[in-house]
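As written, the chain order gives the labels A, B, C, D, E and F, with residue 1 at the start of each chain.
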Amino acid sequence: MTVEFIEIARYPYILIVALLLVGLYGMTVKRNLLKKVIGMTIFQTSIYLLFIQGATKQGATIPVLDPALGNEDPTLYMNPLPQVIVLTALVVGVAITAVALSLLVLLYRRYGTLDEVELLRRMKEQAS
Amino acid sequence: MRFASILLLAAVGGFLLWGSGDLPQRGDPESPASTGISTYYIQNAYHDSDTPNMVTAVLADYRGFDTFGEAVVVTAAALSCLVILLRRRRREDGSETGVFPDLDGDAPGGAA
Amino acid sequence: MMDPTFAWQPVVAVFVSAVAAILLSLTGEKRRNLRDSWTILAALIKFGAVFSMVPGVLAGETFEATLVEISPGIEFALRVDAAGILFAMSASFLWILTSFYAFGYMRGGNEVKQTRFFAMLATCLSATIGLCFSANLFTFVVFYEILSIATYPLVTHSGSDKAYAMGRQYLIYAITAGMALVAGMALVWQAAGTLEFQPGGFLDADMGTGMLWAIFLCFAIGFGVKAGVMPLHSWLPNAMIAPTPVSALLHAVAVVKAGVFGFVRLTGYTFGPELMGAIGAAAALAAFAGATILLASFIALTKDDLKARLAYSTVGHLSYIVLGIALLTPQAMLGGAYHMVTHAAMKITLFFCAGAIYVHTGKKKISQLDGIGRQMPLTLAAFTVGAVGLVGVPTVGGFISKWYLAAGAVDAGQLIFLGVFLVSGLLNAAYLLPIATRAFLRTSEDHPVRNEASPLMVVPIAVTMLLALMLGLHPDGIFQFFSIAELIVSDVTGTTFGEGGTP
Amino acid sequence: MKSLTSHYDSLFLHVVTKAIVPLIQIFALYVITHGHYSPGGGFQGGVMMAASILLLRITLGEASYRRFPREAGLAIAGVATLLFCLLGFASVVFGGNFLEYGMAVPGADPVRLRYWGIFWAEVFIGFLVWGALVAIYDALVTGGVE
Amino acid sequence: MIGQLDFWLMLVLLLFALIALEVRDLLAAVGVLTGYSFLMALLFAELGAPDVALTEAALGAGLTGVFFLVALSFFDRESED
Amino acid sequence: MSQIPALIPTSLLLFALVSLLVGLRSARGAQLLAVAGMLFAFGVSALGLREVAFGGDTLRYAVGNWLPPIGIEFVFDSLAAYMTTLLTFTGAVVTVYAPKALAAETDGRQGMVYPSMLLVLAGLTGMCVTGDIFNLYVFLEVAALAAYALLALGERGAPVATLRYLLFGAVGGGFYLLGVAYLYFAAGTLNMAELATLLPELQESRAVIVAAVLMVLGLAIKMALFPMHFWLPDVYTNTASVPAALIAPIMTKVSAYAIIRLWLDVFPPGFFTEGVPIAAAIGWFSAAGILYGSVLAIAQHDYRRMLAYSSVGQLGYIGLGIGLANPIAMVGALLHIVNHAFMKGLLFMVGGVIKLRTGRTRIPEFVGIGRAMPWTMVAFTIGALAMVGIPPTAGFFSKWYLLLGSAEAGAWVWFAVIVASSLLSAIYFFRVIEMIYRDPERDSAVKDREPVEADGAPVSMAVPIGIMAGGIMVAGIFNVLIVRALLESVVAPLAGGG
């Protein structure tokens, strides 16, 4: 099926921004800290997606040299630079997630809850 | 609070979409990104380093420092997790234990 | 940096006591004789350095020392002129006396933390002299702030709750004043592009009245706090919680006079008398000062605590000087400048006496002083001399300065201020002379025996009393204060004085 | 949910794991070393190496720590990153810039040198990702020691 | 390569993301998140980035999921929102 | 080609990795390596500073000898030299200071803390020298990740505060990365110098505007600019003394530096002031932040929490310098980066000593410390006076330049804010000074409080504190040398009405 309106409407941007907002929504509105971390991963991946979709070229192939195509015409290959950026950023994102999870584990051990409101309540209780 | 954050999110989304109006169309071969420096990588990766996979060439050579930084990020993350989660106790003779001290001899978790 | 005109005397005069502060805090409480000898040594060197410049200044020479560029286009520089040397002479001379007096006072009262006390006192003196010799507004403000902060530990010295409460109040006033000065300074730099003091002023009218008024207000707040101009005076009587040597030296001579000196610099060397008059700032300042003189005298009447009464008297007398400057006529200015010296000598005498009485007998209230003149006749005699001087009786210094102030008021055609001077003279008599009469004429049973306080205290009292007398009998005596004061006025206004101070 | 920190007492699982782990590792090494030609490289291969160790950890439990000690993860990561850093400095010794593989060995063909430079970079990345991820797992699985 | 497949993939991704955030059982949330990452890898592959796809599949869908699960093994599975 | 630009971050990384391996076995060895690494990097920075400040030209360094924009470029100009020297200096001082405090507070994890400290420094110096907007992101995250580990040390609440920081930081980093994406797709390059040549034609592009806003927003979150400051007070309050002393003085400043860098080196002149009112927005938020931080600092009883809120306020000065957008104010902002690093470093280190020797952190319990550790408290007093802005300490001069800048710009509201904030900081710092010197024996208000009986600071901690106190005075009195040699050339682009 052909959905022409999609081409006109710059749909990738709309969807990527929607995904980004879902991630941010998870980070700001959700009270559970694990949910916040999930929201963080969604937020980050949406940025990667933005890079990757910007790297595409109509009618191009993956950025691995194909002897049949040669390397003279840059329009034949996808743009490798954003992909490299995403690779780097992706690993950074996972590293952040891992550290976030360790912090979660530690604070759950100390306070026994992941709920933000409850956590603050217990912190106050212990402080006094 | 909840309502306010959602309103704020909507504003952020609107702003981003407004800005994306001037970004190139999806898959446009004439976009700045596609005609910019990336053409150099596509055309020269194989000449410069015998590497057909342009991503690898860019990753490890042209922008090798990013990758080095990223490698450090991974190591730093490992280090951070250890610093956050583990404590090292002094043994009674005053010497220090290894990184995973309390677990020596215990079951692999040591925790429930 | 070492240009040929680099003069060592001002540098030595400023920093010798800072060095002494470091040395004596390293020496510590245990070796207190060694510690105290640092103070004396520094005081003598400082006075020597200042005094050695007097002939030069009177001969029209200037001593300059540029130390370091402290902000682009602004140098941290010292320059000695007539106004500076006048204030520096009185402060550094009185520091010597105060040092001896303070040894007696502190040891007599067995005060704690003496090391910190003397270190801070030395720091204050360093800042005061620095202030006198500042070549530009920036250097002036730097020393002014140091002076404010270094006074704080002295105010809170006794360590009681009340001392801390008063210290807090002092600090809020001082920091506000300091910030007002810095703000004013920024405005001056923005308007004029220079901060260098010049006789006759460096601002001019085309900077806009609004800007000039903003500058004036910032400085008026900044200096007015220190000079105790009402309604910014209320910290000053409260700061009398400090030990008496501090009250004597700082709250009668150094700190408060720094504010007054600030007005001298502001009127004479920043705005210039003409501009001050033209924008109406001088009139406003004069009005506030006049009101302060009267109000402070009335309040002083109601105080029973001796130091508090003296403090309000100080508030009033500081405004004499400010008023003298604000009247802008040469004679009034001359009177104001000379009153800086005479008031210092008289008021420090009074404070020394109050301190001696307190340390020796433990009495603070005026109502307890009945008959004390028989016990401590010398002290109280000195007190009487100081008191009549402040009232304006001839033969004591106060008469001469008041005479010129009154003449200046007439000269300016502002007869209302002549009235102010006269009324306040009567009020001075009303609140000071009864103390003397009480002490000598009334009797009380408990202390008939004559015994004076320690010589370390009595000798300085005698010396300041003689100084006060000398200033009245022979205004141009050894220290030539009157000539210097004349020189200031001729610097600022361009008027030259003939024999005997007539223009 | 069964705790991830205890092991599974199934002989079948143990045998299969022990058989499968080397295969995964060989494949991972292949991925690491063939980043030049096909998609893949140090990161992907390193993750696979780590996955093989995690498989051991999960199925064998305590026994896996004899094969891959707890401190090994961070040590491997540290050494591999250090080697990567030294690889970058190799060319500095001969007057090149940091990470200028073409100068790492005087006189050799810069293109081949870059090829090998990328190769070694990928290998080091693979190892450090391997070590680091295992170290993170090992830290997480303790659940925080207080 | 550029077809409409990625449009539908993105929509499903959006759906997965919302489910992962809204579901109350954290284990289910983590499971859905793993699925999300896997779909993301698919999308990357479809958009011509095989390297990234491979990495996302291995790291995002694989190891991150394991890390989440390990952490979750210590936690209370129920979430209030 | 001079190796200096690359050598600073890479040598720190190298030392970090070696000390990581050594630290697995020996904390002492790790510390020695950390000190060596910091000093080495400081030496290299200082050499570079000399070369840049007196030799004239900016050092440009192509990593891997791939000329930009192919490869990553390092740009070591006087601003970068200024920052790296400051960072490595602070790092070295704190590393010398660290062992005793760490031993008391971290249950024997010191061996792993030193590599983290080096990694933080490596990341921050990398952010300073890099000339590539994506590389900046990578270093940002290196520093951030290592910092999370350090900040999670410490008291019970530390992980919670750190997690909040991490989430905020992830959003900040994400926004920055998003900005990089927009900028890259709009202009087609990541190199700052090339962007600077391309962007003037794209000034009207909405994508570029969004990119600028997003990047600045992301960095502002990391910088804890006023409305985005929520993570900061908790983090600084709960963490151990050493991380606080290391991270509080420098970390947020580097983000501020990155904003300045983007403004001056990437976006066209006038873009931040006329195209999009980013500078003005930063200025207004900063002004609000100064008042907010100062007022809340007055309300605090915990020493470190007070310092944290004061940091929120002090960061506002830097933001105000950005907002005023004229050379003299920018000089003030840049100078304040150094001054505040010295002051906050000093104050947090003093807090660490007090905690180590007495276990006290609340200000009302500080009674009598002045007698127990007189010299430490002299240093504290110098730091406090500098925070208030008393001449001739360093803190005065940054405020002075900012005042001149706002007078020049006619920004009288900000002028008033700067003046007022000095009074507010005087209130909260003199409260502490008063408490320190109070004596329960003679002072009925505190007579029920137990005075401190403790030794003075150990030498390994007293020396760094003394160095910082000296630094405050020297940076104050000789600030013109810094301004003339380094900063005037940096702020020159702003002079043309930009």
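Assume a contact is a pair of C-beta atoms (placed from the backbone, for glycine too) under 8 Å apart; a residue touches a chain by one contact, two chains touch by 3 or more.
The shown structure was predicted, so the numbers you read here are calculated from the model rather than taken from an experiment.
**Q** Going chain by chain, each one touching the next, work out the least steps from chain C to chain F.
**A** So the least number of steps between the two chains is 1.
**Q** Chain by chain, through touching neighbours only, how many steps does the shortest route from chain B to chain F take?
**A** So the least number of steps between the two chains is 1.
**Q** Whose C-alpha centre lies nearest the centre of all protein C-alpha atoms?
**A** Taking the mean of all protein C-alpha atoms as reference, the closest chain is F.
**Q** Quick one: point me to the chain whose Cα centre is farthest from that of chain A.
**A** When every chain centre is compared against chain A, the largest gap points to C.
**Q** Where the centre means the average of the CA atoms, what chain is farthest from chain F?
**A** C
**Q** Using CA atom averages as chain centres, what separation in Å is found between chain A and chain E?
**A** 10
**Q** How far is the middle of chain A from the middle of chain F, if each middle is the mean of its Cα atoms, in Å?
**A** Spacing between the chain centres: roughly 29 Å.
**Q** List the centre-to-centre spacing of chain B and chain C in whole Å, with centres computed as mean CA coordinates.
**A** 67
**Q** Would you kindly tell me how far, in whole Å, the mean C-alpha position of chain D lies from that of chain A?
**A** That gives a centre separation of 24 Å.
**Q** Pull out every residue in chain B that's touching 2 or more other chains.
**A** 16, 20-21, 23-24, 26-27, 31, 33-35, 37-38, 41, 47, 52-53, 55-57, 59, 61, 63-70, 72-77, 79-82, 84-87, 98-99, 111-112
**Q** Where does chain C touch two or more other chains at once, residue-wise?
**A** In chain C, no residue touches at least two other chains, as defined above.
**Q** Going through chain F residue by residue, note those that touch at least 2 other chains and give them in order.
**A** In chain F, 13, 17, 20, 24, 63-64, 134, 138, 141, 145, 148-149, 152, 159, 178, 184-185, 190 touch at least two other chains.
**Q** Quick one: in the complex, what on chain A touches chain D?
**A** That would be residues 62, 64, 87, 91, 98, 101-102, 105-106, 108-110 of chain A.
**Q** Using the touch rule from the top, collect the residues of chain D that touch chain E in their complex.
**A** So the residues of chain D touching chain E come out as 1, 3-5, 39-41, 43-44, 47-48, 50-51, 54, 133, 136-137, 140-141, 143.
**Q** Can you list the chain B residues touching chain D in their complex?
**A** It comes out as residues 47-53, 55-57, 59-61, 64-65, 67-68, 71-72, 74-75, 77-79, 81-82, 84-87, 98-100, 102-103, 107-112.
**Q** Can you check the complex and tell me which residues of chain D touch chain B?
**A** My answer: residues 3, 5-7, 35-39, 41-42, 57, 61-62, 64-65, 70-71, 73-74, 77-78, 80-81, 84-85, 88, 98-99, 101, 111-112, 114-115, 117-118, 121-122, 124-125, 128-129, 131-133, 135-136, 138-146.
**Q** In their shared complex, at which residues does chain F touch chain D?
**A** Per the stated touch rule, the residues are 1, 3, 6, 10, 13-14, 17-18, 20-21, 24, 61-65.
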